[in-house]
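So that you can tell them apart, the chains are marked A, B, C and D in the order they are listed, and the count of residues begins at 1 in each.
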């Protein structure tokens, strides 16, 4: 695990860090504080990636438990980059003279970070969001097919011995092929989902106020007004990153526009929907839905959505498949390799000055977001 | 609906048909007996296709109910093509002097037809099988994702209020991305499924004794021996058309090879599997499965597969979505248009002399196959 | 090279063949007459394919020179298949009791064959046309880019020291990206060319009277009337197989419709064009062209097309790259393997009863077509 | 053309600008200095884009001629963004308090700009390089096909009446299909070229020291050492951006490794190659080449490369097709639209702190690069 780690294990930590700094000045590798807790090292780095890491950078800490804050602050003053799960280091940011890259092993940008300072001082803030796109997209597609082909309901009927065969069992079922799909938000999740839908030949309409029409057309999607999207799509995917601007974006009036033969697939955040209105309408059988995210998690055991018909429910599991966590480590490692080579990171998502102030402070109540 | 139909409505049917023949001799369009019962006209032809049909061919009958056999036999002696659901016309085949195309509106080739005579006399036998490939492929993918991502089990847990969130809820879940997929059979179903899997970047191995190695490699799949496929694939799709040669192909010994972390997706026919062994092994928790077809349908209400864990069940619904039936009519109409132009049919599947004797007489007991 | 070959080398040929028949009756492999002259064995079969051939079938002859006709006729009476370059065996067809597949190593179907007899007797006639599609498509694309980007003219200018740099050198040049492309004929060549054009995002319009509108739309092309195609396309590819019906299809009136900024790429046959009118219009600078095929080959040294401006010329070289000839052998071998397994051939193109009478007797004067 | 422009036309320019600033303070649109000379407005903006521009931003100047420097400096002190062809405004950078985006209408980043200051002050520097990728890729593919299929040589033979037909005319010709391709550099040009090569099924190896192995594998290319790439590829594309580090990268020793049946396609810059060695080896017939860029342009009329055999030459025309210039304007406009919405630019390429010091000062001698 390299020098830094053992050096830091000595009791006189201050001295050790000072000593480390001297050592690191003689190394050609970048010095990186690796402090990923709440994720463990094994969770995010495959065995082979853990082996490669010290060949590429000088690791400080590199353990699964949280680094003592006092030490972490000392280390930050000298490192080139930090790998962390949140920004718990406060004002030491202003003393971190070499720091050029803050890399979070979570899918969101840290909340308590002075982004203005970062942008004005050439410090990149990088998230592992791209590691979540593919698995969420796969789940969104799977839930959409389950919804429109009646996979869950069909299984329940088989268990009860009440199944109907062939066409008789397919009342209300339809195919994705060639259908009008609406995507609310065309960020990372949508860009991961779109290729999965391509072989189905769907027409894809997008509502994303942050993206220009020509850019969207260049992605082979049709920019739509939100009300038109809601009224015309047969499968609606809610994929937008939550922000201060899109809370309850899908209010009752917009939900009323949904076609009776449509399916709403909610995978990014419940934040975007009037969940009470949605629950009510699903109970009334207005349309179908598949829902992975809820306004409060764990969801109240008595919440009426649990018994709504024509709904597929999932406990915020779209982005939490264990094997996909290693993609986080792959991205971190590949981007550290780029940094070591003196070229820009290529795989993690960077915070942008325009968007940083908009990142919602909208964590789901009750537990830490992935 | 054209002349033929009204002509045939008069009570003296014989005379009417004779008269029709005279008329038809003066038309330039092909004469076609359209007798699709057990499917109705509305089921297979969209409204606009029903309108176009008489512009392209002279229709005889063209009704949803079965044509009286005596009349149908008279008609067959003069028509260029017949659109039917099975061959119920017996030896009139040998008197059908103009007949060049027998087009079935079902996914299988007719059972009681003298194929040798057809091949030796330039009569094509065409099935609507390609109309079923896409919808079965969609269901196979949906069931596979439901199986590996725990969509059905996750929903049941939500209903019971026993769900676990995030990673805790994903024990045993995995992604399709990059996984080793095995396909048993690389015919129409597989060729419809393969494009849906492409964006997942899976390695696809195929066992198909009817196809050459170079052909398979040209399709970007790896030819595999059946035991190797069973032992190495993480998702196994059973897609082969049933034949006299593949009954119980997946016997207990081969099923024993399946990896504990694998999922078996059975969508073509239960005929290919030792279903008792499969049921037993699923009850023992040996691997996961998704099953759309059963040895007897309706399945015995007490059949133990109904309560097996880690299994997604469906009542032979993969190929029976109502809207897809119009694809049958589209294919029939497009190929009649080709015939009328004097060019070969392009969309339906043609019977081949080498394979006709092998078409299994393996209909699922208990009901008519789609 | 197996038994058959050596057996046939004995001087008493008649007896040898009779003996071979006896032997073959005891073999389980199909017996195949391999008589590919004017192509040599080495030309069409790679070394490894030549090694595999005798494992799959019992070879009769299998040499590069032409089999003596008398012997060939004897052999045809017993073989299951024949691999040949033309049908020089006359009426022995009617005595070829086992013959089920006639496989030509050329891109065209044999001229002097009784197709009616073949279709009425379950004999497939197969051509190696698909082996030519890819190389012709590559050349068509290369000639199209050369034409619209001025590659040939730009090179000539460099040689003469008269080049102009950057934008000054690109007067009249345009990009393929997003342009309206017209294809005349959507057979094998077009289906090989279409994938090469896909990354350029061109709109593709097609004129093909043999194909239905829905089929064409399913291929992501727009069916167009010929005059509309000629008037609106910026790149026009002439790709149709010559037939009795399409001689001089592009007459002067249709050529007059071509846009001044368009390029006409002629790769299938000069047969389809009024070549005199085309030559005249190119000399007048009406539009650009790239031409691989001529009404007479070798072309008259004084033919005015040689000096026309804005034209790229090629001596019928699009389908004659040496390495591609091995694809012919691959197809023959793969399809023989299928036949040996008792399944239908998959790779060669089969003659269809509707089209056989239309195959043009339109070989280019002056030399044998590839 | 909006208020700013007319305001600036009054003789007292200083006052006008001051007044403009006042006005702009009351506008909600970003203020943008549009000063694209040496490109004209019409060259880079289509008519419809010129119409849209003032709806999106408040334009200062917006003319084809160069803005008087004194005025431009005044304007820079207030604008949010500048659209320019180079940085001719010197130290006013340090007074440009609102400036957040410097957008160049050229394919290169400006030379005389204080990048350190920009990065430390949150000023993005954006180039129109992506507008050049597609047209250069098309030319590279066209030149490669011309090279391996002998399109230029074949045309010359036709003109002289010395052509050979069919296989005789294809000595040495080969197909791209399935060949080993090597790319030197996997930046924008390579990423535009790669999709054009995909349908040819080539194996693509890449040498790019700035990119990590896993990233490259994720792009479906194989990372290769430079010597291995040179020795094994049958088509070698030189695509790297020139930098201080890659001058003469392909020296004589590396060129000696090239296979005799290979083709070298040089499209990014002659800077990367020992051009004398290359010329010598081409004259010796060691391999084939297609060359669009030269060490000095215009090239010496007596330069021996002009008469080298098996070479296709082009006068730096790959990236200078007129219609593609409008893509520059599209990118600028789309990114201004993003800026106006308060979201990050999406289409132009941004300078990165790691790479800015490496941008080569390697303009081709003799004329301004595109």
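We take it that a residue touches a chain if its C-beta (ideal position, glycine included) is under 8 Å from a C-beta of that chain, and two chains touch if they have at least 3 such contacts.
Everything numeric in this text was worked out from a predicted model, so none of it was measured.
Shared contact partners of subunit A and subunit C, listed by label: B, D. Centres computed as Cα averages put subunit A at a distance of 40 Å from subunit B. Centre-to-centre separation between subunit B and subunit D, using Cα means, comes to 52 Å.
For the pair subunit A and subunit D, the distance between mean C-alpha positions equals 34 Å.
Of all residues in subunit A, none touches two or more other chains.
Pairwise, the chains that touch each other are A-B, A-D, B-C, C-D. By the touch criterion given at the top, residues 134-135, 138-139, 141-143, 145-146, 149-152, 154-155, 157-159, 161, 163-167, 169-170, 173-177, 195-196, 198-200, 297-299, 301, 306-307, 312-317, 320-324, 367, 370 of subunit C touch subunit D in their complex.
For subunit D in complex with subunit A, the touching residues are 100, 119-122, 209-212, 214-215, 330, 334, 337-339, 341-344, 346-347, 352-355.
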